[in-house]
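Once you scroll down, you'll see the structures, which are given as structure tokens.
Same chain, two partners: chain A is paired with chain B first, then with chain C.
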Partner chain A sequence: MSGIVTVIIDEKQITVPEGANLLRAALDNGVYIPHLCANEETEKPAASCRLCFVEIDGFLNPVTACTQQVKEGMVVRTRSRRIDRLVQTAFELLLSNHRLGCAKCARNGSCELQKIAKERGLKLKLTRLKSVVQETPIDDSPETFVYDASRCVLCGQCIWVDRHRVKVGAIGFIRRGMSRKVATFGETGFAKSRCTQCGECVKVCPVGALIPKAQG
Partner chain B sequence: MEPMEEPKEEPMEDELEIIHAEVDSVLKRYESNPEKLIPILQGVQAKLGYLPKEAMLQIADAVQIPEVEVYGVGTFYNQFRLNPPGKHQIKVCMGTACHMTGGRIIMDSFERRLEIPEGETTPDREFSLERVACVGCCALAPVVLVDEEVEAKVRPTRVDGILLGFGMELPSANNKQKEEGREE
Partner chain C sequence: MSVSGLKVEQAYQQLKIQAQQKLAGLQEKPYVLVGTATCGRAAGALNVMETFCNEIEKHQLDVKVLEVGCMGHCYAEPMVVINKPGFPQLCYGSVDEGIAARLVSDYLANDDPCFEFAMAALEPNDLFPTFSDYPRGVYEQKIVLTDCGLIDPQDIDHYLARDGYTALAKALDMGPDSVIAEIKNSKLRGRGGAGFPTGIKWETCKNAAGTPKYVICNADEGDPGAFMDRALLESNPHQLLEGLTIAAYAIGAAKGYIYVRAEYPLAITRLRTAIEQAREKGLLGESVLGSKFSFDIKIFQGSGAFVCGEETALIASIEGNAGIPNNRPPFPAISGFHGKPTIINNVKTLSYVSHIINHGADWFKSIGTPNSPGTAVFALAGKVVGTGLAEVPMGTTLRTLVYDVGNGIKDDKNFKAVQIGGPSGGCLPEPALDLPIDFDSLQEAGAMMGSGGLVVLDEDDCMVEIARFFLEFTQHESCGKCTFCRLGTKQMLDILTDITQGRGKPEDIDLLWELAEDIKIGSLCALGKTAPNPVLTTIRFFRSEYEAHIEEGRCPALMCKDLITYHIVPEKCSKLCDACIGSCPVEAVYTRPDMLKAIDLEKCVKCDNCLVTCLTLYQAVAKKSPPVVEEGES
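Here is the complex of A and B:
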């Protein structure tokens, strides 16, 4: 019957609807693949975090799982030397522009970076790269949350919910390259923007960039 | 170095009218099509010399996308400037030869004297400071273009000379030593 396909991920046979997203299929069936920029609803993830690499039989090189659709008989591996190297490098690149110091971070323990490091046996410190974290002012203008750009990993989850779920359009990516960041129009800070402070973006932030304000 | 602070000066009333009128005419030409965002921004910049915030807000409203999206595109491309060009435009070359012979020092000198970061305009709109990639006369490095005139083999003392030539008042020698010219 068309509509249901069988794929093999890490020697585990799973059946999923045809055309489903490979990353989703793996996650829903208990195979963990690191990821930051994709969520359950993104049809076309930006594929910008470069963490969800997998090897698929018939493909010459590792590919990002979030941009693949499952096909009948697909054979997928989530770990290999090549994948681990790619993910390790991508992870360290993210860390090089992410202010570390987990002990002082409100997301300590629930941080997606910590989870990825634990799953893949990666270090939460820089070994090959220099830290290029810029000292940016923390925006504590909203009443219920705080934005610390130096902890942002540019996954774009907050922007996605802002545009597609709550449909406000207060935040977006600005500038380019090393200066890229999430900001409001004119970089006014959240309180002066059209942000409604619904707090949805805070819920989806995988790291400590958007965190609820401590009570009291 | 990135512009961090808010642009200080707000456009004046009559300026606002000009902005709205020019943006309107450009929007009409592209039928407020969101796919034509870049040509629209280019058209507005060609008319006004820069992209004022008011213009970006008006464009966002007309093509019905969040204003931060317009701002994102405006800050992504080097061709767009968000500050009005100054009466005197200073372009410091950062090409390979100029970089090797101290272009950064020259840029720092201008930044310190004009008290603005690279890419911005002084509040009185007298000077705007930019970096350029190569002017095409590397033998004269480090090079500065002052209103399209080439200044060759520029030293920090020449930076003061250029600004003095435009009638800018510099801190006196005593202050300079104490405060590195940052005072006042």
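Here is the complex of A and C:
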């Protein structure tokens, strides 16, 4: 089983271990596919951000790359009219619930949303959709970082490191639907929770939801 | 038959004979069956039953009163069946306490069967027509609903005496592979909505690596307007238990779950009793019917999230996690509950199993259409006269279902559409009435079989509002995990709300369509993938209604509150009547100097009370759309 397979992504032939994750294989070989929730260490992909759509020969509809394993001879395209449209809609939907204002955001320049916009030629403002951002208080209770839920894209990276890497278990997803958010148990705020303020979650946040406190 | 097969057969025959002997005594005396499923109770069946008991005691009669489930005629609840030796078994509908008292004094104490209250007889006779003498009875063909409403769901002997559990005894003799082959050959498709072939699911699970294996019955029925599963659970729980046990035997599972929503308390009580009795009879537990097969069932109560009907969310919920779907594959048949091979089947799907084992795959395939054999159970609701549960062969047309089985549209209104398949389904217009319904034809038409909810809409229903209603439901029930469902349904709902409230923009229809298409492909689970269906079908078939809202501020069905105003037509109003004034909660209706009535639009809250009140008197209250701003009547 543990052979090496050849797959073609955007006409580029790459060789990867059989059964490897398609998204990972593409990224490792220099083919960029937009993504927010994918995590190289999880066994089961969350598949929740819905950005990493690709077309694979033999599949009727575009599929998320994070949920596919490579197979010998797989032919993958990361760009097409259908994919671009899906990614654009998913991106715009995420923006519609993301408090904009890059100039004032600490992540300006290193934001994953900005990267996706640049790679795919998308606008960082809403044109078709209305903003549905809910006003939520900013949690600045921790000494070293600030949590702004209105900038959160629910990718779950912070929860993953909190649970699996530093094994603290301070945060998780709460509620459902539009009310779904990342919070500490009982929504106490970080300072009153079991959070050790190790700062690992801040490092993995792809947007400006968890940001280091300004020096001084 | 093998030695162990003989042993099973003997054990089963003994149970059946005991049950038949017990019930033989019942047939010789008069008895009353009262339909006390949730539907009957809502209509007052418990009071009716109490009246029967009291009156029977008063007349000192030796008559048993038994609780049964639902016969499917919701429009005629509470329903009662009376058996009296020497008379045909008669079914009475819309029974109240007065009728109940009359039936006891006139029929049970004397010999007048009160034909004026009777609906139909259960078997052919010279005195009274049977159900099959009415159109509904002609077009209905009951398989899973056959015994519903006729047997006591809380007494396993009723089920056993009618050959219940024969299929289990037979299956135990056939062996797992033959059982799966039979189900596969029958082409039974999952009745939960998607229509996946049940036999293939079972085979995949049986061949999947990993033990233990699990079977789960999905009884998390949650579509607005759907109540088939509830009726089956409350009326014939053993039919389901038998199907689930056969499924477990076929795939080699020792443990099963029934995932029922907690909002079905009566179904849960009746299921508990049924499981308890099946254990006592040796039909569940260690070595079922003396065979080497052991199996037990646990009930798991869902806490109300609609998405838990989606199988990966359902598994997460039983595992103790939040009911949130995961990506498929892996499919549960390969890796499900606790990562083990698991089959999840709907209540109706499992209820068919015993019938297929008893009568064979060919019998099943002789009913319905080649690719969707068997029957379909629909919950008829909305503007149709004969609301209730109807079981018809697949391939029956919507026209037959609405006009023959359902007896047409209420109040002689004009048919507009059927909303089929609940929030995952779509609205089909008049031309679709001649569509033979099965899994594939509905899919092609843009709707979905879904679980079988069928809501009939008439000229007074606004299609934009209907789309908004279902979107509000799915948006509310979205778990929020994936982008398309969480935010896409929210965007669509906001646009639809704007349109129904007169704030729609010309580009909204195209935007809705684009979003709907993307959400359909982009969402993680079936909830999101099907949520756009009501929007897509209403735009496709009723685009002019959207345009009227947006371009003219007009609701053609006069339903959207923000786009209508209420008026009193002076020519129809009577000087001598002021019923409308009394009905208005906000004193918006006033008497003009000429004694006719009028409505102060500033005060009117559009509650519809005056219109409903006047409907039986002068029909003088009318709605206008687009709304009239200046009152020009006085």
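The rule is simple: the second predicted complex is superposed on the first by the 214 of 216 C-alpha atoms of A that agree within 3 Å, B and C clash if a C-alpha of one lies under 4 Å from a C-alpha of the other, contacts with A are read in each partner's own complex, and residues count from 1 in each chain.
Note that contacts are C-beta pairs under 8 Å (C-beta built on N, C-alpha and C of every residue); 3 or more make two chains touch, one makes a residue touch a chain.
Note that this is a predicted model, so its numbers are computed, not measured.
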Just chain B (first), just chain C (second), both, or neither: which does A:96 touch?
second
Please name the chain, chain B or chain C, that touches the greater number of residues in chain A.
C
After the superposition on A, what does A:163 contact: first (chain B), second (chain C), both or neither?
first
Once the shared chain is lined up, is A:124 touching chain B (first), chain C (second), both, or neither of them?
neither
State whether A:185 touches chain B only (first), chain C only (second), both chains, or neither.
first
Mind working out whether A:171 is in touch with chain B, chain C, both or neither, as first, second, both or neither?
first
Which residues of chain A are in contact with chain B in one complex and with chain C in the other?
173, 175-176, 179
Over in the complex, which chain C residues touch chain A? Could you list them?
305, 322, 326-327, 329, 475-484, 486-488, 490-491, 494, 511, 514-515, 518, 521-524
So, in the complex, the side of chain A touching chain B is made of residues 163, 168-176, 179, 183-188, 193-194
Within the complex, chain C is touched by chain A residues 44-51, 53, 61-62, 64, 67, 85-86, 89-90, 93-94, 96-97, 128-130, 132, 154, 173, 175-180
How about chain B: which of its residues touch chain A in the complex?
2, 6, 53, 56-57, 65-72, 75-77
